[in-house]
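Next come the structures, one after another.
There are two complexes below, and they share chain A, which is joined by chain B in the first and by chain C in the second.
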Partner chain A sequence: MNVHVTGSDVGARTLAIVSELKGLEGPLLPILHEIQAEFGYVPQESLPVIARELNLSRAEVHGVVTFYHDFRDHPTGRHVLKLCRAEACQSMGGDAVAESIKALLGIDFHQTTLDGAVTLEPIYCLGLCSCAPAAMFDGEVHGRIDADLAKDLIAEARS
Partner chain B sequence: MTVRLYVPRDAAALALGADRVAKALSAEAHSRKLDIVIVRNGSRGMHWLEPLVEVETAEGRIAYGPVKPSDVAGLIDAGLLEGKAHPLCLGGTEEIPFLKNQTRLTFARCGVIDPVSLEDYKAHGGLKGLEKAIAMAPLDVVKEVTDSGLRGRGGAGFPTGIKWKTVHDAPGAQKYIVCNADEGDSGTFADRMIMEGDPFVLIEGMAIAGLATGATKGYVYTRSEYPHAIAVMNEAVAVARAAGVLGPSVLGSGKAFDMEIRVGAGAYVCGEETALLNSLEGKRGIVRAKPPLPALQGFLGRPTVVNNVISLASVPIIMDKGAAYYRDFGMGRSRGTIPIQIAGNVKQGGLYETAFGLTLGEIVNEIGGGTASGRPVRAVQVGGPLGAYFPRALFDTPFDYEAFAAKDGLIGHAGITVFDDTVDMLKQARFAMEFCAVESCGKCTPCRIGSTRGVETADKIAQGIEPEKNRELLADLCNTMKFGSLCALGGFTPYPVMSAMTHFPEDFSPAPMVEAAE
Partner chain C sequence: MSLVPEIDFGTPAARSEKMVTLTIDGNEITVPEGTSIMRASMEAGIKVPKLCATDMVDAFGSCRLCLVEIEGRNGTPASCTTPVAPGLVVHTQTSRLKSIRKGVMELYISDHPLDCLTCAANGDCELQDMAGAVGLRDVRYGYEGDNHVKARSNGETNARWMPKDESNPYFTYDPSKCIVCSRCVRACEEVQGTFALTIEGRGFDSRVSPGMHEHFLESECVSCGACVQACPTATLTEKSVIEIGQPEHSVVTTCAYCGVGCSFKAEMRGEELVRMVPWKDGQANRGHSCVKGRFAYGYSTHRDRILNPMIREKITDPWREVTWEEAYAHTAAEFRRIQYQYGRDSIGGITSSRCTNEETYLVQKLIRAGFGNNNVDTCARVCHSPTGYGLGQTFGTSAGTQNFDSVEHTDVVIVIGANPTDGHPVFASRLKKRLRQGAKLIVIDPRRIDLVSSPHVQASYHLPLRPGTNVAVVTALAHVIVTEGLYDEKFIRERCDWSEFEDWAAFVAEPRHSPEETEALTGVPAEMLRAAARLFATGGNGSIYYGLGVTEHSQGSTTVMAIANLAMATGNIGREGVGVNPLRGQNNVQGSCDMGSFPHELPGYRHISDDSTREIFEKLWGVTLNDEPGLRIPNMLDAAVEGTFKGIYIQGEDILQSDPDTKHVSAGLAAMECVVVQDLFLNETANYAHVFLPGSTFLEKDGTFTNAERRINRVRRVMTPKNGYADWEVTQNLAQAMGLGWNYSHPAEIMDEIAATTPSFALVSYDYLDKVGSVQWPCNEKHPLGSPIMHTDGFVRGRGKFIRTEYVATDEKTGPRFPLLLTTGRILSQYNVGAQTRRTDNVLWHEEDRLEMHPHDAENRGIRDGDWVRLASRAGETTLRALVTDRVSPGVVYTTFHHPMTQANVITTDFSDWATNCPEYKVTAVQISPSNGPSDWQVEYDELSRQSRRIKGKLEAAE
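Right after this comes the complex of A and B.
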């Protein structure tokens, strides 16, 4: 879910999350995951609050956020479709499925459809290599996907 | 009498519709007023048969699969609850050749029990290893693991007992057990299956490691791509804590050990142990130079055991049955069993645990049944994205750490990805370089820049631009990356690239460029 909130709200909610988790050993990743779960992405306004509370520089926090593929700096569409791009899925025609999905949505990886319905992301291995090609749609896993199954998922997303 | 049915909750089964099958079964039973209970077990590892539904009968468990939701009514009509015949009936689960021919030590309970039931776990031999470890001196536990010949199942194959000994001997008030569950290699899913199907065996293995080395705190660092495994692990840790398996006094021993599940954020390089430790500390997942060894200065600079899921999950049976029992399986310096993961374009994909020593050809053709597409096998990548591509000519290579190294390959985490004859090996070599470029942590130059230059060079070969010169350049680049990179990401990317070039040279000699007609 992407919630539209004002800057001060972000600060207050970030502070609450950081306060709850900062007692952990190595708290930054759990904090960032929680913030992304809360807002749907990691808002810029969160970073100074995290930095101050963990006694880190803003540059350090920025460095961590941008290092990891998972953390986004902007909201996604209403649904997220992740397609596995790794070798096992390639061996079962994953590339062709990806091309047909891109054509169907009219977008490339890392983009969101104009109606805001679907964000398409590449993922490198869901551990479903014995039932490739694999995909994850809003956290739900799908194996042996083909163009037809992809069409159904996209139709569901747009309904 | 209540009939017990089993429908897996393993992600592979879910990806093929297990939840919908479970729902259909439950709805059908409700409308027919049948007395059933559905246990959501792990997977037996026969993924081409998923969703695999089992029913408990007086004659043991009977399997049906692959079951679709639309099959459910017909199955019940045919007598599913009594284990009666149906076109989908596979007979006794344990009698299915794929399962029967395995040696299941680490995966003995996976797919058999309810993953989050500690009672089930104990009823199937669980916690016996931990109980024995509690009664022993820590150094004796370390010795038992050393004597078993267990080597790190994450890929490097370092003797587990020696790592433990180093941490045991290291001075420090606080030591850690870190489980590397960042299973990012394509073609591998053994860690995921254990976490989803038998989480207590990992918890038990970590607790034993803690007692043996004097570590009181453990972390499982796993992947955000594995939401189901994370959920099962968290649930199991809570159950274990409530039952006193974890906590200030492990099974009443007076010795403390507790653990947490931590989640990565989509960086492949965090599967490298020092990058993992940095990530766990909340830093960028940048590789550290070694020495210092993590065993001496690991998490937060303190002595830390970093072991793979399968290494740790193999410890309980070693402690329970003894080092000799485990060591008697295997060949050469590769002792015990290895869960081989058969994936990609293969008819019978799944997990097959067996002693070391089967040949690659036996695994692909006999156990895997050849390709799913029915076309001839052309290449097999062993050991994930950093593993070599093997041609059919090397199918006589036995599955053993040293035998694979002798053929310029590696076992890695024992994932096998099968490709049929439509594969373009130049494209696969390019992908290996591209993957390295995307996932490089950026710390060392050969990996960070070499991978990008590798993609460009592969592209030039594909376009027919000075192919001979560029092949030579690519080989030279691989040599630099192999010997100049700080960790296995840059250091092993040359394996898929060089093996593709060596074994499939025809794909690297495209037709010369044709001048455009216009």
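Right after this comes the complex of A and C.
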């Protein structure tokens, strides 16, 4: 889910999330997950609030957020399709599938279709090597992806 | 001359007392348990190649260059992260290691520019050294692949490349040269404790990022320079090195800013200062520094510096440059004329806490022996005179009880009336390091200072008291400790006077001192105060650090005594990790007090009325000394206004800007017939001067400074005085012109005289200081190595004295006309009156003084952030811009006093400490209203300054 909200709103909602979770041991990652769940990405405006509340520096929070590719700094499309690009999937024809999907969507990795329906991301790896090539569509894994299955997923996304 | 050698052992020293013996490359070596193999090797003289390790930060193990082989163990462990063990046999150079290291270096160099000849770090680059050490001859990977080096790669813009960040005025960040060793990040975290840097991204994308991918200047960076010092390449480089080149020799000296007294290597090329690098063996700073000490030395060559003596008849005349001889002769003649005309006591002088011990000693000697009176005072009058009085009364010495290292052993810290991260940044870094290790913190301050809550620091309690109620709060803490039976009876019975304790305990136990009773007065919630008191009394080693927020009150001396009571009652005196620690403001304020700058005291805090002490000096100086105390600064000004005090010699102090009630100060100065100012710049006081004697900087003279922990540090001359003479020479020449037969050829001779006359300095000499580095007084037969911690076997005065501390509200009260309380303080980048720091790029961080006020108070008055406001008190008014923030409580406003245009001291009143006359800067009742711009006084004063700075034959210098 992507929500576009104003800066001050981001601050207030971040603060609410942080207040709820700061008692956890090692609260930073759970907070970041919750923020991404709330906004669909981790807004830059959230970082200073998290830092202040957890007695961390802005730099430290930034370091953690940028370390994990899964934390996004901008909104995605309505759906996210992640294609596994690791060795096993590549050896099972993942490259060809990736090319066909890119062609279908008319975008490259890290891009979102113009209608805002799908964001395409590479991922290394889903741990689903036995069913390579693998993909993840809105958090749900799909094995043995081929051009047809990809077409179905995209149709579902655009519907 | 050459660079002062410093060995980088790669990892910090281990503290264990258990020793371990191992063999490295056939050498048997014994080191403390916990030492890394890398450090052990270095101690045996074997340099293991390394990049990410340096002994200012903990081992990290990321560069994979320091690998070694250990017999009987698999693989090639990193020597920096592998501790020694008994009987290990280590090889640091094998064919396997050689090829691994070469391979690692190839990878590094494949993503690094090959511009060594034109690189600023040429000659001082560890990457270059390591390429040499591992015998790198070829990079098989080439330079065309993905890289961070080139702005354009294969005809396209290179997204990985980042431009240089030159936003910081003192250093540059060039990401293209970064090898991501994380040394800067770790230095910022472990040494400075600011956590302003991080590594962003992961893998090949990893880059050093200030803040959230910000420019250095906009990030959380406080510009201490630890990262620059830690950087092994030219990624972080001083701009001065980029401009000048590498230094060729260095001299160890002492910083001339705050009372921490950091030791620095002044790294020179000829007589040009290339950079200041904190000296690892400096016992106050242990290799760390702040933005002022490391970078803000540009004032020493600033064009505003006055280099020729000047005279004028009237303060409305323009200055006339004269020869030194004429200046001395004129001054001597004027002083003698005034004394002939108005009496011997009609002149006096002020010693400087910025000058050396030797210079201060000479000024007070000139006044006592030459002027024939005791009209000598010093700027400590306006800062820490209550410390001298209060600690002298309770413990028997007028100084802090600990060394700075002591903070490494403390468990609970009370910080009261001090803002160490701004005022004493290097100490703050050491304190924060201890807090990160788990020590607890109690902050007593009207304002939410950074220590209350900042990255990895959270005070257990912040008691936000109303300005002026220190005594009530500290006595209430004592009330809790006494009534709940938390005092240390064994300590008190052994070390203090028990009957005095009983009297004091009965006093503090009175219900009117309970937190519940005082809450209405102090604004501190009773429960919080009780919890803080319990924590301090029961939390282990308890130490108290305090600053001017304690002393600069009408009850400054009382608060100091209350603090001393608290430390004695909890048994927190006389060992590591405890104590009462005044954070002294200026580099040599401790020294200037030690050197007999007060009108009632000869060097070593001996009263002027003491016949035997006077005799020592009378015999040596060949004069008869007046046995009556002379005038204090405020008395001198009063006497001037009354017409009985007519001449003054002021060395290195700007009393017009720094002393309270500016209008009174200016009236006093204007009433004098000969005001002699010796300073680097035409300061504000010089607007009222008749003679100006150019001063010299700490880089231009030899001497000693004594820091807040009583440490006598050497100051060493690294360049010729631009004005021709060091300040001690100027005082000596003036004394000679007044007919005194002084003949010192070097400050070492002055120190010898001090040692000969002052028991606590008995063994101090320049030879001795050169040998031991520095020493903490008392340094005499009983304590030949000095005294890091005082009162270890008993108080200096015999038994510790408990003194009743009755709270008496200040006469400066809020009312309908002046409903708010103004308190003042400092900021990191500026120093006191700012004469020096305003003449450096530090102004980028703080270009004007702002008035902090709570949103509630601001809203009531229709004031928005950044608006000009009129700040008025009973004494006067000024204008400045508002900064709306909840750091201050409602009812309290706060400003700094670094800029002369602000004239914050036009506002402050002439109320002062009952015992020492230390002015009550920290409490002024004020009113604030919107304003359009500068007040009449500011406009008039600005014009006066402009007029009085005219020099005949020179174009008007722009401020």
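Everything that follows uses one rule, which is that the second predicted complex is superposed on the first by the 159 of 159 C-alpha atoms of A that agree within 3 Å, B and C clash if a C-alpha of one lies under 4 Å from a C-alpha of the other, contacts with A are read in each partner's own complex, and residues count from 1 in each chain.
As a convention for this text, contacts are C-beta pairs under 8 Å (C-beta built on N, C-alpha and C of every residue); 3 or more make two chains touch, one makes a residue touch a chain.
Note that this is a predicted model, so its numbers are computed, not measured.
Judged by the touch definition given at the top, the superposed model places A:Asn55 against chain C, while chain B stays out of reach.
In the superposed pair of complexes, A:Gly63 makes contact with chain B and with chain C alike. Touch criterion met: A:Leu47 reaches chain C, while chain B stays clear of it. Between chain B and chain C, the partner in contact with more residues of chain A is B.
In the superposition on chain A, contact of A:Ser19 is made with neither chain B nor chain C. The intersection of chain A residues touching chain B with those touching chain C, taken from the two complexes, comprises 63, 67, 69. By the touch criterion given at the top, residues 11-12, 14-16, 47-48, 50, 183-189, 191-192, 217, 224-228, 260, 262-268, 279-286, 299-300, 341-346, 349-351, 372, 381, 385, 415, 417-420, 423, 428, 431, 435, 439, 441 of chain B touch chain A in their complex.
Residues 194-202, 209-213, 219-220, 453-458 of chain C are the ones touching chain A in the complex. Chain contact summary for the complex, chain A toward chain C: residues 44, 47-48, 51-52, 55-63, 66-67, 69. Residue ranges on chain A touching chain B, taken from their complex, read 24-30, 32-33, 54, 63-64, 67-71, 86-92, 123-132, 134, 136, 139-144.
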